[in-house]
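The data blocks that follow each hold one structure.
Shared chain: chain A. Partners: chain B in the first complex, chain C in the second.
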Partner chain A sequence: MTKTDQAPRRALSSTRLGARSAPSARRRLRLPEEAGVLVALIVMIAVIGFAKPRFLNPINLFTVLGNTTFQGMLSLGMVYLLAIREIDLSVGWMFNFSAVVAALLMVAGANPWLAMIAGIAFGALLGLVNGLLSITLRLPSIIVTLGTFSMFEGLSLVSNNGRAINPPDPTTSYFTLISAKIFGVVPVVAIVFVLLTVALHFVLHRTRFGYRVQAVGSNPDAALLAGIPNALVRLQTLVLMGVIAGLSGSMYVGFRGAIDPQEGSDFVLTVIAAVIIGGTPLSGGYGTVFGAMIGMLIIQVIASGIIFFGIDATWSTFVTGAVIIIAVVLDQIVRYHRQRRANAQRFNEN
Partner chain B sequence: MQRSVTPLLVSVRGLVKRYGGVTALDGLSLDVAPGVIHAVVGENGAGKSTLMKILAGVVQPDAGQILLEGRNVVMDSPAAARKRGVGIVYQELSLFPQRSVLANLFVNREPLRRGWVSTDAMRDMSRELLDRLGLDVDVAAPVSRLSIGEQQLVELARVLLERPRLLILDEPNSALNKRETERLFAVLRQLRAEGVTMLYVSHRLEEVFAISDRVTVTRNGKDVVTRDRAGLTIPEIIDAMIGAHQEDLFPPPLPARKCDAPEQLRVDGVCGGELDDIRFTARSGEVVGLAGLEGAGVSTLLGILFGTRKAQAGAAIFPDGRGLPRSATEAARRGVCLVPADRRRNGLMLDQTVLFNISQVVVGALKTGSPLFSPKEASARAARQIERLRIKTRSPGSLVNHLSGGNQQKVVIGKWLEIQPRVVLLDDPTRGVDVGAKREIYELIRQMSAEGRIVLFSSTELPELIGLCDRILILYRGRLAGEVAGRSVDNRTLLHLINTGERPTAAGSALQ
Partner chain C sequence: MLKSYRRHLLVLSAVALTLGGLDLRARADDITIGFVTHAQGNPFVEQIVDGAKAAAADLGVALKVQESPGGSPEGQLKLAQGLVNAGAAGIASSMPGDAMAKGMNDIIASGVPVVQFNILAKAVQGPYVGERSTQSGRILGKMIVDKLGGASAKGKVVIGNCFPGFPVLENRAKGVEESLKAAPGLTVLGPFDVKVSAVDNYNHWEQLYAANPDSVAMIGLCAPDIASLGKLNAANGDKFIAGGYDLTAENLAAIKDGHAYVSLGQSPFVQGYLPIVLLVDAIRSKKPAPVGFYDAGTQVVTANSVDMGPGLPSVTFDELQKLAADPKATAEFYKPWTKTVLSAATPPGMQSIEAESK
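Showing the complex of A and B:
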């Protein structure tokens, strides 16, 4: 009896407060996912720092952040792709190929800044190739990018003759700025990474494009029947991935002063791992940009933490794999309990 | 008479099944004597399919019992039902399209010879049956290469190979042409002669009459009439199917608001899919009903008008003076909206919030306005529609998946109302919706019509069409079989038109 007494009152107050409580409801649903991995990251740093206090040196921590930049930026784009139920396996070679093109332009005498912009544009072009192939041939992007993975690799190796490209004169403003550390501590590339994370988080949640990505990923059929231009949104997302790969590659040239022929070849699995550890589900409809950044940091902390403990670095690969599985299992458990809570609420409502 | 001596094969007592707030079966009972073809007919949502699924062990009843030859049985899985000799041929095909006919016939019980799966054994075991069904196809070819009618026969053969005692046929001929249907009926009669008992579910009453011995009519989850076919007529069945409906379910038409320029949608000779030369005009301020059996072309027509399907010929003029939209995106931008029949699959993003879903069209489809997504504006939109449509939800931040069917449908309608559509296409909007929400949706349709929108309303429930529509267009096998005035038509005429494509002879000339 009390239940029936309460139900209408609750319904009434919730409609009245509905408009205001909406954002808080969404935050209530979504914040924990990022909070979970964030706590995991902090615990990990604390544990390693407790055993090896040298690890907590800010210079070391920021180096870890700096090291994650190039793959980390790729993982931000991958969040969009998983959110729209697509994937791009060619990211590593888009990164490499764009870097090679930018470096070759620098070798040819172009202004490094213009070469960087050209590298980004070239990345966009590669993304456009992926997108157009996928949409016009009606192939899933996983197939298309499996093919372009090797195509970009081949073309890149043809372009650089299989050798590292070293742009001349790494003392110009481009190289010095990109490899600089502010106050001798914070790498510039890390700042770019963080800014890009904030920007892409904003784009995903506060723009029409981001809305469409989530809508299409959530239910492509319903999206189509709501008039959302599915193909266009998928194309845009794949191009965005290319732009990010181009940016990452061009910055890498400025950061290292060279691009090795195999650099980037093994990026894709780490990138996807970071996105998944961060809490983006493979089922689409939702993605967390901050989560991907934190996921990438977790992978990097494991890698450098293992070195601090004097364990053979090759073990870090094994641990990273284990972390992926642990992260997904924990995520499932959290999801299961949330679902049960939601069902219980629903039952009370009815 | 004879039935008193022969024990019943199947006896179902007081079955109850609820899905959420919707009662599919409400104390249904059914007795099937052995060796007869027993037809079950009823309107959509009358509980036929649920009954079949319970007998096949796919769905568990909330109450009631099933007696097989007088003994109480529990069919807790399809396997358990199969073991007890119940075979079912589903309306939708459940074959593996990539695999061969033989592989499909012997799924999960492949015959072995010397420990290996033997196609020869399969051939031997199925040859005679396939001959009898008149299924003359390459049994090694993948099923997807067969026509739909042939696939249906493969499905039937698969079930018959299990030698069921009770064979359930859920609209088995919905995809068959006339010749295939006749062959199917010949096979069914032969099976009956061999002592197989059959439960036959169909919409097509003439066929029910052609094949069945006994008929049960269901309505609202109850069995209302069970009699020998010989003692029944089609009008009697139709009356039993419809029953006495409450008139007050349908709100009276609202006075049309004065609109300066009445708008028109003209469809001129549209062909495509099963459609053949469809032409009609719909004006703003009227509700035009679309009626037809599954596969008669109603969904195709709505798809063409909404731009998700291509017309092969013909044209249309929309209120904005332009032709058929080429995509759903174009349709949405031109103020044409579609509320799809399957809202969970085609209308909603279930894992997203009410707020997110109501923004689908405004944010997702339109290109006017800011490229930013403002949660504040989205909240305002959601609050507006929640209030206007009386959507029952804890907050705009609740997941749509947690809403009841009726409220989910209101979210789908709400997302379209946000763009003030000029043409509203509704594909069976009250399917699986409880009575209260139905009435609200009816009111909404009236309201949209009064606001000068052009409303095309498809439904599988006759009372809805009659109670709500100014005119009803009836499609039969892809052609426009007739047009009747909504309020003056009687159930019988309409049902006759829908089921046969022709007017009943008695009432024929009076209405045209």
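Showing the complex of A and C:
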């Protein structure tokens, strides 16, 4: 393994700083990158909860968490893509198409658990198509996925004949487990989402693959010189996105008991918005998986808050956008102050 | 400094009053109904919302309207769940997908009644208020065949569907195609996906016309189609017969100007009004709203004739145009019908849910 393999941009910079001086107590207490958006989320929940105490009812809070699950999972994969300077516009239709395939297999009599695995594998296949097209044609994935967005949509609509697919027996263990709520309030799918977030955070920040993703996104030429196979890492990342879309789609069928022909078609903007709100830059080289989860929660909390405040439907779209801007501004203020503190500290150390 | 604080205090007070004002209306009555639609800013859907608002005012209940911008079942279900968690005692919603059924049935199981309008999901355990979709398709198809010359008509007929997969739209298409079979010389093309947003809708129809310039008729199944087809016909010398659905101001203007032939109404006011009545009945009687179908009625409108259907006063085309643009006038027009509905112990006319697609 090369040095660059193990040390992406931010890891490198902190190692260099660490070499100059022993870490101070203040640095050890440094707030995580996600602190800004977490503060924004907590402030929003507190404000809405103060004005509308019913909002803080655990049933509502877990409903909000459950509602983040399916798009939230997609946003976790999108973090990897933005970190490697890629983007996938076809995520919504990969979600839909995988769900349709899983549901069709269930209708054909397949065991729902096996159908779920097939749905995940099918998602991986779609991701592989995106990856191979992108690498062999030497095109950015944004262009390739602009095309596959429509291809996957068309093929999905052909597969389901433009109609909802309803698996025949929603009383089997697959459906009862996926749609279950622990203690009657905590959705199982939300727990899967949280576990997936922890796992993907670990992979991004503690494994060779994660370091490579960030290294390629930070400086592809330097990564290549350091011996990192850029094309392979890009391919793996696009396949990972497909796997996550397949998982999300297959679980959706279990959770809702059906997949509609257009479901997922409007997911992509929300997914990208959640990742950016969470603090992953479009410039690549870094990503925050927890940030994406918090970003998706912010979007859902805003949507729920609008309902609780009884804001008129015609105003709700504006309010959603305005609150997102406020959340991002709050995050930027926190980042600015943290950067200023870090610069001052570095200056003092020198 | 003090001035600055005062200014901030003034702004905060204004914000608090605004938010408080929104809530005060909700507290004016102990029943709040959530109303969720599958489109935002759509003229036809706004006519449904106007009906719901009129019912809420007549019955003295609070109404919270939420509109899902993309017609996504998942997005719409989230809005319904949010309204229930915020305290809505009943939910009226269109059902753009079967994936909503399980979540809506969970809401019903929790003791909150649900009524469907405009778009039906048969798996939802609640009543439905809408048109007889297949039958309305048959009426539209017959009008077009008659206009083209009856059983001896010949040529291409293009059908467009703005939301392939919506059961009521598929049923309309089925009904249209059934009637077109009366003229064996007609070749049916489609239904093609013509999208729902006004710009996309026009573009798709324009491309369909470019590919089939010899079409004798073009039939849309959704609200934006007549307006698009009217523009297209006007730009090409009115060469085909245009037919479709809904009595929006834009659609009626296209018919009046002679660029479209026929539009079928589906009583949006009734589709908004009746669900609120059914919900309030269910909430006040503490009994679940029974599963069944309420036919909202069908209106058939050409430039020369306006058939509002049974039980409604007759109007001229000009009067109909005024109604389409004025929610207050519409509420006034439906007054005799609302009086009948409100004076009955339970709203009359419930049929089996299967009647919707017969």
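The rule is simple: the second predicted complex is superposed on the first by the 281 of 350 C-alpha atoms of A that agree within 3 Å, B and C clash if a C-alpha of one lies under 4 Å from a C-alpha of the other, contacts with A are read in each partner's own complex, and residues count from 1 in each chain.
Criterion: contacts are C-beta pairs under 8 Å (C-beta built on N, C-alpha and C of every residue); 3 or more make two chains touch, one makes a residue touch a chain.
Computed from a predicted structure; not experimentally measured.
When the shared chain is aligned, chain C comes close enough to touch A:265, but chain B does not.
Touch criterion met: A:206 reaches chain B, while chain C stays clear of it. Of the two partner chains placed around the shared chain by superposition, chain C is the only one that A:57 touches, whereas chain B remains out of contact. In the superposition on chain A, contact of A:195 is made with neither chain B nor chain C. By the document's definition of touching, of the two partners only chain B reaches A:228; chain C does not. Contact with neither chain B nor chain C is seen for A:42 once the two complexes are overlaid on the shared chain. Of the two partner chains placed by the overlay, only chain C lies in contact with A:70; chain B stays clear of it. Contact residues of chain A toward chain B in the complex are 10-11, 14-15, 17-26, 28-29, 205-212, 214-215, 218-219, 221-229, 285-286, 342, 345-346, 349-350. For chain B in complex with chain A, the residues that touch the partner chain are 20-21, 306, 308, 327-333, 338, 340, 345-353, 355-356, 359-361, 363-366, 370-375, 378-380, 382-383, 386-387, 392-399, 402, 404, 415. Residue ranges of chain C in contact with chain A, taken from their complex: 19, 22-23, 25-26, 37, 40-41, 64-67, 69-75, 78-79, 81-83, 85-87, 96-103, 123, 163-165, 170. Taken in their complex, chain A has these residues touching chain C: 51-52, 54-55, 57, 59-60, 63, 67, 70, 157, 160, 162-164, 166, 170, 179, 252, 256-263, 265-266, 300, 303-304, 307-314, 316-317.
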